[in-house]
Amino acid sequence: MDIGIIGATGYGGVELFRLLYNHPEVKTINLYSSSQSGEFIQEIYSHLNNEEYVLKDLDTEVMKQQLDVIFLATPAGVSSELTPQLAGGKGVVIDLSGDLRLNSPEEYTAWYKKAPASEEVLKQSVYGLSEWNKEAIQSAKIIANPGCYPTAALIGLGPVMHERLADPSRIIIDAKSGVSGAGKNSNHVTHFANTQENFRIYKVNQHQHIPEIEQQLGNWNEETEPITFSTHLVPMTRGIMATMYVELNNVLSLEELVDLYQTAYKDHPFVRVRGAGDFPCTRDVYASNYCDIGLAMDERTGRLTIVAVIDNLMKGAASQAVQNMNLTQGIDETTGLMHVPVYP
Amino acid sequence: MDIGIIGATGYGGVELFRLLYNHPEVKTINLYSSSQSGEFIQEIYSHLNNEEYVLKDLDTEVMKQQLDVIFLATPAGVSSELTPQLAGGKGVVIDLSGDLRLNSPEEYTAWYKKAPASEEVLKQSVYGLSEWNKEAIQSAKIIANPGCYPTAALIGLGPVMHERLADPSRIIIDAKSGVSGAGKNSNHVTHFANTQENFRIYKVNQHQHIPEIEQQLGNWNEETEPITFSTHLVPMTRGIMATMYVELNNVLSLEELVDLYQTAYKDHPFVRVRGAGDFPCTRDVYASNYCDIGLAMDERTGRLTIVAVIDNLMKGAASQAVQNMNLTQGIDETTGLMHVPVYP
Amino acid sequence: MDIGIIGATGYGGVELFRLLYNHPEVKTINLYSSSQSGEFIQEIYSHLNNEEYVLKDLDTEVMKQQLDVIFLATPAGVSSELTPQLAGGKGVVIDLSGDLRLNSPEEYTAWYKKAPASEEVLKQSVYGLSEWNKEAIQSAKIIANPGCYPTAALIGLGPVMHERLADPSRIIIDAKSGVSGAGKNSNHVTHFANTQENFRIYKVNQHQHIPEIEQQLGNWNEETEPITFSTHLVPMTRGIMATMYVELNNVLSLEELVDLYQTAYKDHPFVRVRGAGDFPCTRDVYASNYCDIGLAMDERTGRLTIVAVIDNLMKGAASQAVQNMNLTQGIDETTGLMHVPVYP
Amino acid sequence: MDIGIIGATGYGGVELFRLLYNHPEVKTINLYSSSQSGEFIQEIYSHLNNEEYVLKDLDTEVMKQQLDVIFLATPAGVSSELTPQLAGGKGVVIDLSGDLRLNSPEEYTAWYKKAPASEEVLKQSVYGLSEWNKEAIQSAKIIANPGCYPTAALIGLGPVMHERLADPSRIIIDAKSGVSGAGKNSNHVTHFANTQENFRIYKVNQHQHIPEIEQQLGNWNEETEPITFSTHLVPMTRGIMATMYVELNNVLSLEELVDLYQTAYKDHPFVRVRGAGDFPCTRDVYASNYCDIGLAMDERTGRLTIVAVIDNLMKGAASQAVQNMNLTQGIDETTGLMHVPVYP
C-alpha cells in the first residue's frame, strides 16, 4: 500500500509514521506538511534521526491517483476543507480530527466554534469506532476516526447501552488524560513545572467530545439525555482512563455484567475485559492498541462503575486509524498492531 | 507548648514535625516510635540532617503529665488502644488515624476489619473538621482528625448539604490522590516504575473513608443515602482532587452557588472559593493548609460539579491537625499555618 | 523592613514573595512588574488566590527613598540598566540576575551576548556567596546574588580550593538541574512531553555560569585554569546536583577530607556536610536554604568526587538572596529561613 | 526458532518476551521461573492480559535438546550455576547478568561479592558488545550480554580508544539511569515518593560495572588505568545517559571527531552519531535498540565530552540480547529490532 500522512509533524502524525514504518503491508509512506514542507522529518523530531523522509507539499490530484490511504492528522477546521479535495480518488481518507464525526453541522459549530464540513462530506463519512462499526468501515471511503475520550467512553459503555440496560438519563463520565492529548504546542498548561506534581480539571461540561459521545449513545438508545462529562489532566504523557457511573434498569450481578462484556467483545482482540474485582491501569495498554475494561457493581448504591483505559495516541488516535485502514483494505484488522504494551 | 508525636517516622509524623518545628507557640517536640526508639530522626530521614532529635519510647504516664498536645500519627488499630492510656491527662489527644472517627463501632469493624475503640473513647472523640465543627473542637480533649479524602469531599459538599439543597440520594465522588497517601511502605504499587506514567483506580466502592463521609453528610441531612466513591492514584507525591457530582433540589444559577459558598466560608481563611468558571488544581495548595473550591453548573444536565483540592499530607492530615491544636489551645487557628503554597 | 521585588512574576520573584510573606522582620512587600503592572498577583498565580497584592509600576525615586531592600528578579540585561537608578538610596539592591556577578565587562559580553553594566556599578557590587563572603556582604549596598549552578559548585569546591589542595587545572563539574531553572517561559524544551521521562544535556561547555565559577575559583587560587562544565536537565521541577571531579595535590584520606569540610562549614548552619560514605539527594534540601555535601575519595584513581545539592530556586536564588538581605540588615542570617525541607 | 527465557518475571525477561513475541523468526517462546512456575504470566503482569503463557519449571536436559536460544535473565550469581547445565546442547546461551562478563574470577568476586563462574565457562563466553565484537559473537555458543552502563560507555568511548587517541589514564564517566535499572524489587529507593522530584547519586566508585568497562577499554588500549565512574538515579523509568570526559593525545577538531565516529559506525545501523553541536536526549532512543552519540570539543580546556544515550532495558539489556541472537542465528542483525523510538 502507498500511504500519505497529512499533518505529519503533530503527535498523531508522528505516531502514525511509527506504526506504518513497520506495517508489513505498507510499501511507501509519504509525509505532508504545509508549514514545514521541504524539511527532513528528523530535523523536527530528533528520535527519527536516521529516517530520510522529506516533508512534501500537498498535491491533491497526485495523491488521489496514487495513494491507497490518506490520513489527515490535522487540527479541527482543516479536514473539513481538505476532505472534498482528497475524496473520490483511488484511496480511502481517514480523518483523525473532529471535523467529520458529528452528523449535525449545527452541533459541530456549537462545540467547535468553526465552520462545519459540507453536508455531502458528512453524509459519506463513517464513524470509525472499529469494534462497533466494523461493517460500515469495511466499505467506507471516508472515515471519521473517533476522538480519544469517546473511544474509551464508548467501548466502556457500549455493551450496557446497546442492550438498553442502563438508564440513559443518568450517565456520568469522569475522564482523565495524559498531557500528550493537548498536542505539541507549548503553553502555560503544558509547561513541565505546571503539570508535573499537579492534577488539573479543565473544560468542565464544555469539552468538544461531549456531542460525539452523545451521538453514538443515541444510536444505541434514542432516549439518551445529555451526559455529564469532566476531563482532567494527569501528570503523565500518554494514557486515558474513563471512570463511568451508570444506573441499571434491572438488577444484574457483577458476574453477569462481566459475562455480558466478555461476550460482547469476544471477537474483538483489542478489547480485554477483566474478571470481577480486577481493574486496569493506563500502563497496561501503554503504546498498544488495547482498550482494557474493569467493572464494579456496588450493592450499597445499585450503581455500576465502568473503567476503560486506552493509550490516547494509539487506540485513541493513530493505532485505531491503522485498524480502520486494515478493515478498509481487506486485511486482518490486527495486522501491524499486535504490539505488546511497553512495560515498565 | 510541649508536644508529643507518636508514630513520628511515618509521613504524617514527619510532616507534623516540619510544621511544629517553626510553630511560634511550640516549646518542645518529643518524638516517639515503638519500632525505632533510640535512633536519631536524621538516621531515618536524611532531609532532617541537622536535627538532633532522638526517638523515645512511649511512657504514657509521663506524657499525660507533661504534654499539652499528643498527636497520634499511627496506623489504624493502634490509636484505639493508645488513646485510653493517653486521655484524661493534662493535654489534648489528636488522632490522625481512622480509629476514632466513626461513631459506630460496627461500621468501623465492617470497613477497617479491625477491633474498634471502646464506646467510651468514641463518645469523647470530637470530629476535627475544623471549618464545620469549630466550637466542639475548641473544648475537646480527644480529636479524631479527618481523613484526607473526607476533608476534601466534606468541605466541598458542606454548603449545599448543610442548606439541604442537594439530593442526598445521588452523590457521586470521583477522588484522585498522590502516592504519599499510600504511606512510606514499599510495595508493588508504590514502586516508581509502576506509578510514574501511570493512572490507577483502586478500592472501588470499598475505601474505608466512605462511612466517614456518609456520617458527616448524615449530620447535615439525615436522608443521606449511600454514596458512590471512587479513588484513583495519580503519578504525583502530594495532592488530592475530589470531583463531585450532585443534583440540586431547586434550580440555582452558578453565580448563586458561588455566592453561597463564598458566604459559607467567608470567616474561614483556609477555604478559598473560586469565582465562576475558575477551577483550582492541586498545585495551588501544595504544602499549604488551603482547600480550594471550584463550581460548575451544567444547564444541559441540571447537575452541579464541585471540585475541591487539598494537600493530602497538610489539610488532609498534619496541618489540619495543627489547626485543631490551635483551636484547642485558644490561639488563632492560623498560627504557624500561613504558608504560601510552594510554587513551582 | 519595607521590601520591593522587581520582576515579581518570574519564578525567582514569586519565590521571594513566598519567603518574605512569612519573614518576621518584613513589614511591607511591594511587587513591581513592567509588563503586568495594575494586575493582581493572584490573576497571574492561582496559588496566591487570597493575596491582594497589586503589581506596581516602577518609580525609582520613591523606591530609593522608601525601601530598605530592593530585589531585582529580572532577566539578564535588565539589572545592568536598573541598578544605577536604584543604587545610592536608602536601601540595599540585591540582584538575582547574572548582570553584576562578573568583574570583567568583556567576559560578561562574551558569555551573555549583551551589553555589560557600567564599571562603576560592577566595582560596587559584592558577590553574595553568603558562606564565603559574609563580611563584604554585611556592608554592601549592591549585591550580585550568585547563580544557581555556581552556588552548588562553589560551596562544594570551596574548602579544597581555599586550602589549595586541589589541582586547579583539572576541575570537571557535571551538573544537573530541575526544569524550573529554565524559567516560566513555555517552549519546546519545557513542554511536559519533552521533559518527563527524558534526560537531556544542554549548553555543553557554553553555559554562562562558567566564568562566574572560574572567577571565584581564581579568587581562591590564581592558578585556576578553564574548567569543564556540563549542564543537564532532570525531569523534575526543583533541585540541582553538582558532581565534581578533582585531583588532589597530596594524598588525603576520606576522613581527613570530611573533617576539613565539616570544619570549614561549622559556623555555617545552611551547609550540611555528610559523613564518609553518605551522599545527599536533591530531595534532602527541597524548598529549603540548605546545601548538602557528600564526598568520595577513590583509592583506585586518586580522584576526589564532591557532590553538592541545593534547591535551585532557594539557595540557588531566592533564599540565598534573603540570607544576604539578613546579613545586610544586621539580623541573624537564619531569620525567616529555618524551613525544614518539604518531604515527601 | 524455539526460544527459552529463564527469569521471565524480571524486567529483562518481560522485555525479551515483548520483543520476541513479534520477532518474525521466532516460533515458540518458553518462559521459565523457579519461584513462580505454574502461574500464567498475566497473573504477574497485567499488561500481558491476553497472553496465555504458563511459567514452566526448568528442565535443562529438554531445553538443551529443543531450544535454539536460551536467554538467562536472572540475577547475578544464578547464571554462573545454570550455564554449565545449559551449555553444550543444540542452542546458544545468552546471559544478561554480569556473571560471565569478566575474564578474571577474582575481579568478579571482588566487585560482585559472589562466587565466580568456572574458568571453563568464562573461557567459552564471548562478550556480546554487538558493534565491536560481531565476528566472535557470530560463532559463539555462550554470550555474556553487556551491562547497561558499559553498553553506553563503550559505544561512546570505542572510536577514540580503539584509535588510541585518548589518554587512557584520565577517563571520567558520569552516568545517569532511569529507575528500571534497579529492577522490580520494591524498596526505599524505588518508592515513588523517594524518587519522583528527586535526583540521587549511588554506588560512587563502587559500581560493579566498573571492571567490565575497564576490561574492554584495556582490550583497546592496554595502558588503560582505573576509571572514575559515577552513577545517578534519574526520576524516570527508562534511559541511560553517559557523559564522558576524555583528554586527547593530539589536537583534533570537532569536525574530525564527528567524522571519526560516523566512519566507525557507518555499518552499524543501531548507532547514530549526531552532527557537530547536536546532542541526543534519552527520549530519542526510548523503547528502541539505538545508541545515539553526541560530541563536544572544548577549545578552552582541550577536553572532549562524549555523550551516549540508550534505553537501558533495550540496547542496555533485552534488544542487544536479541541483536546477539540474530548474529548467532545467521540472520540480519536488525531482524525484529527496527522499532521507531516511542515519542512522545
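Chains: A, B, C and D, in written order; residue numbering restarts at 1 for each.
Here, a contact is a pair of C-beta atoms (placed from the backbone, for glycine too) under 8 Å apart; a residue touches a chain by one contact, two chains touch by 3 or more.
Predicted model, so just to flag it, every value in this text is computed and none were measured.
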item	value
Relative to chain D, chain with the most remote C-alpha centre	B
Winner on C-beta contact pairs when A-B is weighed against A-D	A-B
Inter-chain centre distance, chain A versus chain D - centres from mean C-alpha coordinates, in Å	36
Intercentroid distance (Cα basis), chain C paired with chain A, Å	47
Length of the line joining the C-alpha centres of chain A and chain B, rounded to whole Å	39
For chain A, residues that touch 2 or more chains besides their own	11, 180, 184, 193, 196-197, 235-238, 281, 283, 286, 344
List of chain A residues in touch with chain B within their complex	172, 174, 176, 178, 193-194, 196-202, 204-205, 225-228, 230, 232, 234-239, 241, 243, 245, 279, 281-283, 286, 294, 296, 298, 300-301, 303, 305, 307, 309, 344
List of chain B residues in touch with chain D within their complex	11, 179-180, 184, 186-188, 190-193, 195-197, 235-237
Interface residues, chain B side, partner chain C - complex	11, 14, 17-18, 21-22, 45-51, 180, 184, 196-197, 237-238, 269, 272, 274, 278, 280-281, 283-288, 290, 292, 313, 338-344
